[in-house]
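The chains carry the letters A, B, C, D and E, assigned in the order they are written, with residues numbered from 1 in each.
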Amino acid sequence: MSSFPWLTVLWAVPLVGAVAVAFVPKTRGAALPKQLALAVSLLTLAVGVAIAAQYDTGGGMQLTETHNWISAFGVHYALGVDGLGLLLILLTVALVPVVVVGAWHEADDRNPAAFFGWALALESFSLAVFSATDVFLFYVVFEATLIPAYFLIGGFGRAGRAVAALKFLMYQLGGGLILLASVIGLYVVSADAGHPSYLLSDLSQVDMSTTAERWLFVGFFIAFAVKAPLFPLHTWLADTTERATPGTSVLLVCVLDKIGTFGMLRFCLGLFPDASQWATPVVVALALISIVYGALIAIGQDDILRLIGLTSLSHFGFITLGIFAFSSQGASGSILYMVNHGVATAALFLLAGYLIRRRGTSLISQMTGVEKSAPVLAGLFLIAGLATLGLPGLSQFVSEILVLISAFDYHWWAGAVAVTGIVLAAIYVLWMYQRTMTGPGVPGIEDTPDLNRREIGSVAPLVLALVLFGFYPMPLLDVSNPTVDALLQHVGVSDQAPVVPAAGGDSAQEGQQ
Amino acid sequence: MTAFWVLAPIMVIAALGILFVRKAVHAALLLAVVMISLAVLYAALDAPFLFAVQIIVYTGAILMLFLFVLMLVGVDASDSVVETIRGQRVMAVVAGLLLGLVLVTGVGQISLGAGVGLADANSGGNIQALATILFSRYVFAFETTSALLITAAVGAMVLAHRERLVPKPTQASLAAQRLRDYQDKGTHPGPLPPPGVFARHNAVDTPALLPDGTASEASVSRVLAARGTVRSAPALADDIEELQRQIGDAPHAGRTGSASAEEENL
Amino acid sequence: MNLSLTGVLVQAASTPPTFQKPHIEYAQLWPMLVVFGVACLGVLVEAFLPRERRYLAQTVLTLVGLVAALVGTCLIARDLTSLGGVARGLIAAEGTIVVDGPTVFFWGLILVFAIGGVLLFAERRLEGGLSAFAGQAAALPGSEAERQASSQGLDHTEVYPLLLFAVGGMMLFPAANDLLTMFVALEVLSLPLYLLCGLARRRRLLSQEAAMKYFLLGAFSSGFFLYGVALVYGFAGSMQLSAINEAVRNDTQNQTLLLIGLGMLSVGLLFKVGAAPFQAWTPDVYQGAPTAVTAFMAACTKVAAFGAMLRLLYVAFGSDRWTWQPMLWVVAVLTMVVGAVLAVVQTDVKRMLAYSSVAHTGFLLVGVLGVQSASDMTSGQVTSLQAVLFYLTTYGFAMIGAFAVVTLVRDSGERPPSSPVGPASVVGRRCWAGSSPSSSSRWPGSR
Amino acid sequence: MSVTPYIVLSSILFTIGCVGVLTRRNAIVVFMCVELMLNASNLALVAFARQHGNLDGQIAAFFVMVVAAAEVVVGLAIIMTIFRTRRSASVDDASLLKY
Amino acid sequence: MHALHEVVHAPVVDPSSASGVFTLLWLVIALPLAGAAVLLLGGRFTDRWGHLLGTALPIGSFVLSLWMFIDVLGRDSADRQVSQHLYTWIQVGHLDVGMDLLYDPLSSLFLLLITGVGSLIHVYSIGYMEHDPRRRRFFGYLNLFVAAMLLLVLSENYLGLFLGWEGVGLASYLLIGFWQYKPSAAAAAKKAFVINRVGDIGMSLAIMLFFVTFGSTSFTVISASADRASTGTLTALGLLLLLGACGKSAQVPLQAWLLDAMEGPTPVSALIHAATMVTAGVYLVVRSSFVFDLAPNAQTAVVVVAVVTLLWGAIIGCAKDDIKKVLAGSTMSQIGYMMLGAGLGPAGYAFAIFHLLVHGFFKANMFLGAGSVMHGMDDDVDMRHYGALRKAMPVTFLTFSMGYLAIIGFPGFSGFWSKDKIIETALADNWLVGLCAIVGAGVTGFYMTRLMLLTFFTDKRWEKGVHPHESPKIMTIPLIVLAALSALGGVMLIGNWIVDYLAPVVGTPPHENAPLPAIVVTLIAVLVVAAGVTLAWFLVGKRDVPRTAPQQVSPVVLAARNDLYGDAINDTLVVNPGRRVVGGLLTFDRYGVDGTLTGGPVAIGAVAGQLRRVQNGFVRSYALSLLGGVLLVVLALLAVNLA
């Protein structure tokens, strides 16, 4: 394995790009920053692909870099990827070019250079989050992501965005503060155990008292539950997606919020396995509430962006459910779900953005019959929507069924409650589609232009991925499975055997007698 | 201790006086009483050098500076008795009493013993001993105080010194300016007419009458005009008529009329 | 009552006491001396250089002086181990000053922030070539003279020497090894600040009011400090911190004297750091003072005062920790709550930052509470002292940064957050909120 | 000779100074009350110097005088400035900065 | 169900791996799928020839299916199961789901039905949709449907089946809502999908339970070890599968969508909502025979659902004036028969499938016929506007008649054989169920006769300007083919062929002693049907039919017109409470959740707003607070140390 610092390059490229984009002289025209941003994001994508190419699906942390940072606290600059990190990294590097293309004109009336600069900065920090293997480093970049996110929300979008940005920031800071307390607590625990260290590999070996472990778990979990978000910490989500630009929402919901569930897997399970199991009933209950509650609330929305945002509440409920069901199907399903949800929701957000741009309103009740004049838009919107509702053949189904299976495995009622989510999803997706796309339309609807090439180009890769991974998800599962196995082994659980073992020689004979 | 028991009540009374006198100057003078009494107490406490410094520097220089500033601010300025901040005075007194109680009881309970006395330390002379300490152990602090003094000087300069940015106008230039204004803006170059000129009254609230009999608004202070207390000069004509009637007939018989009036007055 | 002036004078004449030339460790103290020296030079520049050349000269001179002092501090820090002793320090200037690790650290910190402050002082591109300081402080606000001073581009370049004097006092403050030096340092650092607060070019009324409030309350609090000095001196019989420590350790009598004295000393220091309930001046003064001064003041004063507080509480009263820790807990909690709660409702950004600095003071006080001796800990653990020092570092940078942004935004009104100013201010504000990467040094509970 | 009476006197004077700061409105008088507090401290210092038989207290008192001199200059300059602006030396009038 | 005691365990699915022609099994699915992809992604370039491609590919699949069928006929009956492993679809832990295909007698018949009838309908659609500007897309959707349906019946495991299951649902959704500009069409499409989703809950949970119980979703694995699972589990599985089947096959209580689904173009109704997709539920039950055979309670549930639906659909069919809705009600009813057969266990599986096949023929035939009528009547669907069309469109009339005779069970026609067998088996199983089945047959006779009379006989009632005409050849040829199949479908029963053919999959029906001789049952059924026909003749044929439906009708008719209040029940029980829950949750979210979480800061703000008043700007107040602080500090120190 080469010693080239691939992961550092991975987050450094977009960061440098962000600075470069932000400081492009205004006199050079509005297009230059966009082109530059696109180039940078594609370059990052290339780096991501290069990393994926070097990744050995055998599992374990790879491409690691470890340097002392603050030796007094045992803080390291440590990066590494495993299956989980790699998938999320790939998701991120793939989504950002899509967002750049998709949001090409979103910031035209303001400051495009700033918009794309912040977007790249967000990418950079997110990539660092996904590759950090030091808790402190993770915390630092975890918080750093808020800065670009705040400006993306507060600077661009619709009226009321400043309030939304503030609400976003307050929730995240609240969560971050609790996380900070836990991070400090972690330091105390590790220092008590001998040598203070923040390295994941060291921390996972530390023996903690049950009480300490539980407290720390709760701290970490709350922070991630705000991020993810889970009921009842979700109210920032809808406000934010309603006010921000769709591009921002994509970055926020499809990349940034994944940090929450990523953290649950990486830190809650990785560092506090016993406490995670202890907390499972509560977490599962919360996840189930999120699934049903998010879907029900989404049904009642009239703002299309708000609706899409709230669907994510439901989906994050699924992801959390899978994580805390403690089975390989659940964990792998959750990882897959993160990727698929990212892709599907990104497509949905972007298309909703195009729709709003065309119709001049985001209210579902004021849109009708768009399909007539913009069939491509409608078709893509439908596919993305169907992916969201977990239609088999589209990638989200695979993850959803894995999570459901694991939930059912955990307890039958968990599966039964979670599965109602798929009906509710059908209601909100199809009702939204029905009210926006179908019907006789309003006068003048014929003038609504269909998607142009740029717009199709931004969504087509996403839709393609949805279909591809719906029918052939194994490339993703191959990456995630070893990580999940290692994680579950660390937690100390193994999959439950089926009630009736597969037909072997002996048992079959018994049946005949 | 005689000096102490004599001076202590005086000092406390004088200090309390500072709290109650309304005029700032009185407060300054009462402070001077306290300070000078302090000087005496210093002397009683084997601090002759401080005795001198207290009188010369503190009372003589610092307090005088206070007085100077008081003069500038207005020597007869006095505080009103009414307390404007609600509850401030009560709270201040309560807090003060509490603090005094704590301090006095706390300090009064201490048992310091007889005390070493300064006979040894002052054996080589108080001033010499002080100087020795000052220029050896505390030399750095001493030098640092120079920074304080420079700061004070610079500060006073900054806040009080005003540079003249334009040359002082001479009389000639002022006159030239006045005529230039007349030329440019039509400003009246001469002095304004005084009130009452050509009117029957020369009171300040009576505008002067121009030769054509109209009132000259420039002759009355704008303040009065704003207040609306300017008297109308033509209205005063009633007054004249009245007088004329008293004097007697028509104006053409003025002379005789006036003569008869004089007779009446007599 | 041997009151006899003549006798004293006769004594003085007859037996001159033995005097020994004091030994001053110039090699270790020269950064401070450089600062004072350059300040005096600055005054001379003010006196002899023509007005139009003063700005450049003062700026360059001040910066050179501060940088030189900083370099010196670094050099001293490097040689610190060679100075020996358990505390890795040197008691200099006849025992009135101690140069040890924390001292040097505080020096460095103060100098760095002071350089930042000077740069803010010298900033005058934003207002059409005018600095943030009044053209002529003596001219009445709104008068013709003031307008003329502005139009002629007059500038109080005296602020640079004043700043340097203040920096000198700040450097002396945490290094002082006896109460007297500490008191002098307190005044040396305070007086220039009182003056600087009143020199704003804009909103002069507010600025002057801030100066007066700061001055009156500062003098009031230094009165308490001084009385505390007197009482502690009365208890211990000496001004030296080590002697006081000795007395605290041995003398169980006259505890009230000690306690009242300690309380009053604390009041003086708590006032300087802006802890509740001594925080009342902070918002008003921070708001009224020129922003550059606020930045300088907020960062440097707090560093210096915390340095002095650490030294006082731990060197002089360290053996009597249990007496003052409950009190400090109360103050710390009160400070955190008051700062955090009141910051929420402020509409003026400078006031908000002031309250945030109050809240930070509370956190720092918690850190101060946790300071313990090195032997109590396992190796590799972070000491509370380190934490406080680190926190001060980050806090200072955040404050300078935040106020620098305020300076920038001052005239442009409310800018959309996408402008280049926004990010920096949020970084600053987030540092204030204490949850950003840069100030994640809040380790109150580390044991 | 016990110095306790001196200390008690000094604390009384100090307290009076404190109360004066709180109750008087003329800025100059307020400042004079601060001076009274400093003087009270000085008295305590000098008394303790005698008690302990070393001259540190006297030196301190001397320094206090120097400091007070500088402080008075600065303070009065500030008060003068504000007086010239507002035509008032009352500390209550300077209350624009609040809330 | 006493028959069960004789069956110890169900046949095991034990396929051999594919060879020969069966290696092309994937191509059967791939061809229409490719068609769908080309047509949907190709855009306008494919407008000109898209429909031809879209028709050719299913025909290709049909040819392949036929080839395989012939191949398999030549094999030994034990050797008729073939599976093909394409690739690993999902593999996590011991969940290992392959993209596996299973070709066995059951799926072979379905293959022929889907591709055969499907191809015919494609051909028909070329004509029917000729003037629709989006014909290409229509063919794309149809191809997508065919591919999904083929996947459904070919998949070797439940997850793959579910993939096809949802795929046909999607296609159904797209095609019902094909004319999206009609709000009713869009609403109907959504309704169909959502109700199907409710059924999918059952499917999903069944899949989960399969995995948890057997560690696999493969038919092979599950059928081999099903007998070792507890009866409770198997019953649960059966009920869950039944729920899924109800959704897809429009069985009570999830029947409400089917009538609305008639908003789609008529070929869609023929293919999806009559011949193939809606029968997927029956396929599911039959395919899961290894579960149902071991879960008698689940079987009983199937029978109950089937009987209720059979009557429910028939009653609805009696009252509707919309020709397609009558056919839809009829479809519902006929699927009830199939479900009934499937619910009767090994005795009925083969007959259920048999009825399914012939129903596919005659119902497709009739739907296409109805489409042809509509084609001639300017898309009018109200039978009260028809009348005496037999002369105007003779081919349609004749072909429709074949279907009519088949569905009412006119002796000799295909429906006669299939329905008769089911009635016989039902009667043998339980006389009440059998009785209901016979009554259903009578009602079928009534409403179908009514339809025939209103459409092709009686007086002509069409408006001026409407010129009924025969459809073009491209539409009538498929009609003729289907009519022939409707008439002759009974040949499959010759020598009990279909029962033997399906035996490896569903088991051999036990020999039982029927309570009545078969011929008696047949006679009774025929007589009941004849009664229904006669009744229709008297009620409809002998009277004048008003152009508008009379409003003064009995409550029974009113209920039937309103789909027996299916929608009203749904609204009352589910939709309205749901709305209220959503509304309540929205309020709760805003004020409860958000209010609580943001309420804290607001309270702090209020307190702080009061507290900041303390900062009153007076320096003396500050000094007072400072002095207070001094006291605090000093007293705290004293209190701590001197107390």
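Basically, contacts are C-beta pairs under 8 Å (C-beta built on N, C-alpha and C of every residue); 3 or more make two chains touch, one makes a residue touch a chain.
Note that the structure is a prediction, hence the values are computed from the model and not measured.
Counting hops only between chains that touch, chain A reaches chain B in a minimum of 2. Across the two candidate interfaces, C-D and C-E, the one carrying more C-beta contacts is C-D. Relative to the centroid of all protein Cα atoms, the closest per-chain Cα centroid is that of A.
Centre-to-centre, using mean CA coordinates, chain C is 81 Å away from chain E. Centres computed as Cα averages put chain B at a distance of 36 Å from chain C. Separating the CA-averaged centres of chain B and chain D is a span of 22 Å. Centre to centre, using the average C-alpha position, chain D and chain E are separated by 96 Å. The residues of chain D that reach two or more other chains are 7, 14, 17-18, 21-23, 25, 30-31, 42, 47, 51-52, 54, 56, 59, 63, 67, 70-71, 74, 77-79, 81, 91-92, 94-98, listed in rising order.
With touch defined as above, residues shared between interfaces to two or more other chains in chain B number as follows: 1, 46, 49, 85, 88, 91-92, 95-96, 99, 102-103, 106-107, 110, 112, 122, 126, 129, 138, 141, 145, 148, 151-152, 155, 158-160. The set of chain E residues that touch two or more partner chains comprises 601, 612, 615-621, 623-624, 627-628, 630, 634, 638. Across the interface of their complex, chain E is touched by residues 167, 170-171, 231-235, 293, 296-297, 299-300, 327-329, 332-333, 369, 371-372, 379, 386, 391-393, 397-398, 401-402, 404-405, 408-409, 412, 415-416, 419-420, 422-423, 426-427, 430-431, 433-434, 437-441, 471-474, 477, 481, 484, 495-503, 507-508, 510-511 of chain A. Residues 85, 88, 91-92, 95-96, 98-99, 102, 106 of chain B are the ones touching chain E in the complex. Listed in rising order, the residues of chain E touching chain C in the complex are 601, 604-605, 607-609, 611-612, 615, 617, 619, 621-623, 625-626, 628-630, 632-634, 636-638, 640-642.
Every residue of chain E that touches chain D in the complex is listed here, in rising order: 612-613, 615-620, 623-624, 627. Considering their complex, residues 1, 4, 8, 11-12, 15-16, 18-19, 24, 27-28, 31, 34-35, 38, 41-42, 45-47, 49-50, 53-54, 57-58, 61-62, 65-66, 69-70, 72-74, 77, 79-80, 83-85, 88-89, 91-93, 95-97, 99-100, 103-104, 107-108, 110, 112-118, 120-122, 126, 129-130, 133-134, 138, 141-142, 145, 148-149, 151-153, 155-156, 158-160 of chain B touch chain D.
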